[in-house]
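Shared between the two complexes below is subunit A, which has subunit B as its partner in the first and subunit C in the second.
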Partner chain A sequence: MSFLPVVLALLAGAYLVAVLEGWVSTGRFRPAGPILSGLALLGQESLVPRTPDRIFFEAGPVLLLTSALLASAVLPLGPGVVIVDLATGALFVNAALVYVMVALVMSGWGPDAAYAMVGGFRFLGQLVGYSMPIVMVIAAVAMRAESLATTEVVESQAALWNALYQPVGFVVFMAAAMALCFLPPFDLPTAPGELAGGVVAEYTGWRLAVLRLARAVLVVTVAAAVTVFFLGGWHGPVLPPWAWSAVKTLAVAAGMLAAGRYVPRVREEHLLAWWWKLGIPLALLNIFVVGIMLVTVGG
Partner chain B sequence: MAGEAGGCRSSGVLGVSALHQYALLFGMVLATVGFVLCLAVIARSLAATKEEGAKDVPAASGELSPEPVWVRYHVRYYGYALLFLAFDMEMAYMYPWAVVYRELGLVALLEMGVFLAILFLGLLYGWSQGALRRQ
Partner chain C sequence: MISGPREARPSWLRRLVARAAARELAAFVVPGPEVARARGIDPGAAGLAIADTPRHASVLVVVGELPEGLRRAAAVAYAQMPRPRAVFAVGAENVSPLPGPDVSAALGQEDLEEGVVRLREMFAEGAFHPNAPEFDVPAIRSRTGYVCPMHPEVVREEPGQCPRCGMDLVPREAAAGEHGEGDGERDHEEAPSGEHGHAEHGAHDDMDHGGMGFMSMVEMTRDLPRSSDGLQMEWVEVPFGPLFPGLPAGLALTFTLDGDTVAEAEAERGIEGWAPLEGLSGPAETFADRLSGLDPLSPVAYRLLASRALENAAGVAPDERTGLARVGALERERAASHLNWLAGFGRLLGYSWLEERAGELQLALLWSAGPEEVARLAGEAGELARRVEWTPLLRRRLGGIGTLPAGAEASGPVARAGGSAADARRDEEAYRRLGFEPVVLRGNDALSRLRVRLAEIEQSLDLVSRAGSVSTPVVAPGGGSSGTGAATVETPRGLATLNLILEGGAVVAFEIGTPSARHLKLVKPVSEQREVADALVGIASLDLSPWEVVR
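Let's turn to the complex of A and B:
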């Protein structure tokens, strides 16, 4: 049973991502920062707005955490080190991560607050943009692996990483992954400085702690998905398999966090136009190119 | 490899059936909910929320929003959303095709190529008719 090591690795990763995110956004490196702010949030009052949709308000953060954890359950850390090795793993990652959108719309609708609601509906629009490229790129990955099981996907990259075999798909997937984690420049639902925090604006105390934990776990999960689908998962010389997975996942997470620093936030209509006029055609092209390469030169 | 993708992987790493795997996933959901409930109990035992006037007003930059704010929201991206539905259905057919692609080879590419080309033409048509903009 590899349940405990995977969950511990995930929590450690979420902690490191929280440290990294603080470093990137404030410019100060504080290794103990997440512990301190977590304890502070636990001691803080957790207010409920005056006329909430109570079920949505309470369920939003929990659903966000659940969807990130479920997606991580099918991503292998090493050969055999995976919580459930589903035959439909690659599809399951998609299915679980769609609930990120549901969670954000729920926590946007729940508090009966204008900024939060705008944030929630914006993320619904964002999903319409990033979701199709993710699904198409993963289809191209499954074509090469001849399987949807994530362990088979990693095995298929033993000779050559997918990032090199299908670079177009890799670039599209990285951008879509950032949009999925609502990291800058795709942080439309939270939009600090514009929506006053958006969907997280009405959360305080322990509820905010759950929301922040969920976001950090989501970033780690999506970075792990990039590693599994494109960077050869646990494959690598010298170091043990789990270490390679960890190094690659953290590198991807750091790259996603750092990239957002240098790009301004994209407006919703521009975001959708870019995804549909460039992202989806590129993802379809990627499927065609991979299809032709598999027939002519092989995997 | 391709054959076993449809059913459960009897030779899976854990050696458990698909039903067990989904039971484990369901257990994870319950454990997550339990974890959050524990956090709530800990937080409540540390300090109770004080009832104070106007503390529970949602953030609205100094002005009270009309209540409730649950009015009809103009989903200006509905043109994309309609196209999204078409593509979403298509992807449901794409995954089984992707798994058996290398077995079938060129035939599969041609068949799916026709299907994708029709969809792509639909995207171009929608684009030309102004579906790909803020409505």
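Let's turn to the complex of A and C:
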């Protein structure tokens, strides 16, 4: 069974992502930072606002973590190193990650606070933007692999990565991945300067620790999905397969974390306009071009 | 009681957690990071992570003396912080109604760093102290408010009738909690997160249980106020400030949110509790000191304003060298003030590179020794300006945001970004000799205001190098003189005017006009009917300083 190695790898990845995030945001490299801040949060009071929707408030962070963990179950770390090799794996990733939106809307509604609520509903709008292009891009990836199984998708890239075979899809998928992880410049639901933390503003103590862990796991999962769908998964010379998966996943995560530092947050109306007027046509174009290439040149 | 507080050596796990808490201090800075930077201290460099909300902070850092209104707001923020928590007073004596500071330090980077070391020791030893005192703020309890059952946007502090339908107002807490289950189930019950801005989303319970068999949108929204786009939504009144991360510290706005659109914005009743102006009259020798203490964001400009008015009253004229030195001091402050604004603007926009870089440059400029160092910083500021200009997505983010209606009364960079060459510096001899020409752009939006300030940073630093001095000379008028004096100064935010009456060497009466007092009226036009983020960007682009809004 590859359950244990994959979960351990995921947690190790989440830890490294937390280190990276601290490095990117404070400029200080502190390998022990996440342990310390986790311990500090566990020692802190975990407050509940006065009139919460208790079920939503408690369930939001847990659902976020669950959603990311579920998606990671179908992502292979190496040949055969996958928790479940579903025949519909590529679709399952997307289905599991839709609950990110549900989790954020719940965390936004739960505390009965205005900033959090605005943040939660902003993410609902964000999902309306990025979710269509994500599915369309995955469709083009599956077309080339002639399968929805994630292991088949990786095998289909043995000769040429999808990032090179369908670069348009790669770019759209990367942007959608960042929107899905609500990383800057798509951090509309948390927006530190605009909403003082938004959906995370009312969480403290261990509940905040769960939220931060969930977010780190989400970033690793989504980066792993980018690796599987576009960067040839475990394929690579010299190093063992799991090491290639790890290196690529971390590189993607680092890129996603660093990119947002150099651009301002996107406006909500632009976000929707761009995804619908640019993202969806590009994703459709990608399907069309990949179709033509499959017919003429072959996979 | 079976168990009670008892002094004992805590378990290893508790000690470990306490030591971790001591290493991971997050600070909620009051009044705000921009005031800390303007006073020349950098909590980030001292090892305190800056938190956006008191919920995520363990240390409340009070920077400088605060007016009473802000101290009350700070107490509300402190009450919302999870324990273990501490108050760290930096250059502040009076922090009431906050509990007495756990650690105090003088205003200065080294003192701040020493204070952080002491804070860490305190957290490592006392994070789980069994006798940690409770702290409660009456303001939170009384913030309940009364709402109309039919018009959730009608919120009053006193019971009464709804002005729209005449129904009796009900307590908001009751309205929201009527359908809630068992109050006793809530552990760690805390504040409804009032002043910091976490308003409650009113009467949704009433709507879900309104006796309608089916949740008909038409029925539910029938009596709700009409918004401009025709979509019916609940309106909620949400406080933004006075300690909101994306706004100047001290600016207390109330937005009536229609979804995420600002239906109404209320700014003018929000600024209260500032130091009374009466205390500023008195001996002429120290008048400039007192006036410069008015606004921590531009002390030099107000010192200069006072000096000029006093000289005018006494009939003294400064010599040419003094005039040049003043240009140097004022322009250095202008550049630093614009950089400080830029850092805060970067924070609002989520553009972290800009926030850090502009903050660094601002502090370097504030700490700079003389014109040579300023000239070096001018190069770096130019580099910054060019990078900002080339930032992807920035133009789209700012273009068309915060446009002012025709005939709006503005001055300073806000006016100059709207095509007006209004600038008091054009009439000043010292500036004319340096060949000064104001930076004027068209656009009248947040983007052009950003560009004007970027250009002015470079221009001001250039003027400093040419003026050759950055010291602030004060000319004290001859003792015992009398007369009336008037003066104007182009502060970093716009035109400030001062009229005073001098009698026997003492200021007996004065009248002051400041740019932020005028610009406060622009908050409404730049924010109403805008999405929250756009409204905040529009307001931030005005660069208001609540400190200079005097009554």
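Operating definition for what follows: the second predicted complex is superposed on the first by the 299 of 299 C-alpha atoms of A that agree within 3 Å, B and C clash if a C-alpha of one lies under 4 Å from a C-alpha of the other, contacts with A are read in each partner's own complex, and residues count from 1 in each chain.
The criterion applied here is as follows: contacts are C-beta pairs under 8 Å (C-beta built on N, C-alpha and C of every residue); 3 or more make two chains touch, one makes a residue touch a chain.
Fair warning: this is a prediction, and the values are worked out from it, not measured in the lab.
In the superposed model, A:A201 lies in contact with both subunit B and subunit C.
After overlaying the two complexes on the shared chain, residue contacts for A:A191 are found with subunit C alone; subunit B is out of touch. Of the two partner chains placed around the shared chain by superposition, subunit B and subunit C are both touched by A:F121. Contact with neither subunit B nor subunit C is seen for A:A259 once the two complexes are overlaid on the shared chain.
When the shared chain is aligned, subunit B and subunit C each come close enough to touch A:D112. Between subunit B and subunit C, B contacts the larger number of subunit A residues. Touch criterion met: A:E268 reaches subunit B and subunit C at once.
Once chain A of one complex is fitted onto chain A of the other, the partner contacts of A:V48 extend to both subunit B and subunit C. Applying the stated contact rule after C-alpha superposition, one finds that A:S131 touches subunit B and leaves subunit C untouched. In the superposition on chain A, contact is made by A:A149 with subunit B only, not with subunit C. Counting contacts by the rule stated earlier, residues 42-43, 45-51, 111-118, 121, 196-197, 201-202, 205, 268-269 of subunit A appear in both its interface with subunit B and its interface with subunit C. Listing the residues of subunit B that touch subunit A in their complex gives 1-2, 4-9, 12-14, 18, 21-22, 24-25, 28-29, 32-33, 36, 39-40, 42-43, 46-47, 49-50, 55-61, 65, 67-70, 73, 75-77, 80-81, 83-84, 87-88, 91, 94-95, 98-103, 105-106, 108-109, 112-113, 116, 120, 123, 127, 132-134.
By the touch criterion given at the top, residues 1-3, 42-43, 45-51, 61-62, 65-66, 69-70, 73, 80, 82-88, 90-91, 109, 111-118, 121, 124-125, 128-129, 131-132, 135-136, 139-140, 142-149, 151-152, 196-197, 201-202, 205-206, 209-210, 268-269, 272-273, 276-277, 280-281, 284, 287-288, 291-292, 294-295, 299 of subunit A touch subunit B in their complex. Partner subunit A is touched in their complex by these residues of subunit C: 14, 16-18, 20-21, 23-24, 44, 49, 52-53, 55-56, 58, 80, 82-84, 127-128, 173, 176-177, 180, 185-193, 196-201, 236, 238, 244-246, 257, 259-260, 347-353, 356, 391-394, 396-397, 531-534, 536.
Note for the complex: subunit A touches subunit C at residues 25-27, 33, 35-40, 42-52, 54, 111-118, 121-122, 184-185, 187, 191-197, 200-205, 208, 260-270.
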